């Protein structure tokens, strides 16, 4: 079934349609120039805010679960970067329940493109680009600030980790949005794992209670967004006892989580088509 | 009397959103776990107390704070702005009742329902998972109740003003974003404001309405300071509530005039 | 050549009904209850029925939005849901009450986007667009953002959008809903032109029976998920006893009533000086009626009213309500 979109092969038609779709979005948003500027400024500020929060916390405390400011700053920067990219790519799917309710999904289903890709670009917020740019900048600052002993492997990890993290967050966006196929009234349920996931990954895992940590860090793979990559980059041991270098496994975890989310999405689309909601 | 009717309508309306309420409480609880883990870790690194809060107080700050989000309705969708933009607001203005008071009455009805669901939910979950702080002075309870009411009124005022921007702006997203940023950072949601340098924190508390929505009610509840200080915090809220309502009335008056002159 | 083929098509929904404070009962409701339908290339099919009869559900199953519970459906040789994307390039869909255009973009940009989405060769796209521009008079608002268009203008845009990739079948769900009379006429005559060209198949659901009279050579009436009539408009009239009427104005009331086979008096007004006769069956023609009447009285004015499809359908639906009340 090609309609799933998520894992379906990328065909050239999609690529040629994607560019114009994104351009059209940017053009239509640029019409409201003042709003556009405010949107960009807002998204940048929200990005900066996560960093400010770390600063404030370390103002009143020297360490956090044994980690210094530089360590936590690096984790926050990695999480932020991954989230910003995911939000840019598929953040719009969280509006799925709105589309289901308004019937817009039907219009999407009669077009010759994948469902997920159409939804993702339906409101590609150009403003979200601003947040990605800031996040990348902050990551560079955090990496420098941490004084990383950069080997080739670590340099690769520094690039791969945000990408893998972005895949994990994208999967969470898609997976939680799929809930709307079954439960339209789910409201902001997805936020718990998307925005919540962002907050969760920004700090060292040992601060969380055991059950909560197991569920989110390992159940959903959130520990592999920032925590384990940061440990590998910083050459630190995991206080929780995981083997060193686990951070390099992030892409693998990302692939698993993405596959699971893809399955959810396909099941969701199938469910919608059999019930019509 | 007729305002009571609106309040009841507000209550009823939200009472029908049972599933959405459940989903929201779930989300609040997830954030409750996240934030309390973080703040307790901060406190743990500083011998169990930080910026004048002990661990119990911090946990309470977080969990009751998550409940407060629902009571004051921090993130409600911009319904009024949509009605203004579509012109439907004219139907509201035709009624022989002031729009601001009408909306406030409905909002208080909504808050009453939220009190029983959105506030109680996170408190129960938080109390099961953490040691929460129970107020030691009986006087704290009535003070907190008043504080809740004032917080709801102030938050209503802020939301109303953000929405009313639609009388003048085609797209009210800017004020909406500014509001979300302000209530998060300056309101005490991300971290207790007293984590900031005390001069800055004091300035924010006095000069902006945002701390009066989340931070001050929670400070009153966890008995930060003496009973006299609680009363001072409450007075700050009261002043802000009066200011906000006055501004709302004036903005509505001008908005209506603009609507009349320009025909929407 | 057959473009649409449905056999024993069925769609069930599970409805949860409140049965007590906490208990909910699941009930299965067949929105479409075994439909057989064959549509040939170039057909203009009107698909009508009361609210909730299963029109939209059928349309959704034909366009690949909904998966049938059972039965077989082929559109342009494709199985709609599994071959959704391939099918999408061969059909056009217009939903009357929701827009498929980009809200903030001018029509021109929406059309350009659709060319990329459907991968239409530039020359074909340009040719179809210029045809629509002429026929639908799009030029005055081609550069206006969709959100600023009137409903009529928007609908003309939607029609164009659905036709730019040269679909073999055009599905229209209530295409004239909410439009003013002038816009309705414009949409109808445009669609009639498409139908007359003969290579596009039209399937349209509507509540506006004028659409049907103007556009549809074939009428399928669906009621409670089943097809209750499939044939021409005339056949529908014949079957549900629609009548032609002859209204005569007389100088003075008739002294002796006129009695002719298959003629009945439907109403007498103006103290007997205006009589409405209904002709049913074929034993008496309107001409004969008038000739016989002229022998009895002096006729001032005559008008012949053709049967209105509204009457037929109203009667059909009224039947449903009577029977439906017990169900």
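Per-chain residue numbering starts at 1, and chain names A, B and C are given in the order in which the chains are listed.
Quick note on the criterion: a contact is a pair of C-beta atoms (placed from the backbone, for glycine too) under 8 Å apart; a residue touches a chain by one contact, two chains touch by 3 or more.
All figures in this text were calculated on a predicted structure; none of them were measured in a lab.
Counted as hops between touching chains, the shortest connection from chain A to chain C is 1. Centroid distances built from C-alpha atoms place C farthest away from chain A.
Among the chains in view, A has its Cα centre nearest the centre of the complete protein Cα set. Here the CA centre of chain A is 47 Å from the CA centre of chain C. The geometric centre of chain B is 52 Å away from that of chain C, both derived from CA atoms. With centres set at the average Cα position, the gap from chain A to chain B is 28 Å. Only residues 17, 19-20, 23-24, 26-27, 30-31, 33-35, 37-38, 40-46, 50-51, 75, 129, 169-171, 173-174, 177-178, 180-181, 184-185, 190-191, 195-196 of chain B touch chain A when the two sit together in their complex.
On chain C, the positions that touch chain A within their shared complex are 13-14, 57, 60, 63-67, 69, 81-82, 84-86, 88-89, 91, 93, 95, 98-100, 102-105, 109, 112-113, 116-119, 145. Residues of chain A that touch chain C in their complex: 1-3, 13, 16-17, 19-21, 24, 27-29, 31, 102-104, 106-107, 109-114, 270, 273-276. Listed in rising order, the residues of chain A touching chain B in the complex are 32, 34-35, 38-39, 42, 45-46, 49, 52-53, 56-57, 59-65, 183, 185-189, 191-193, 196, 199-200, 203, 207-209, 212.
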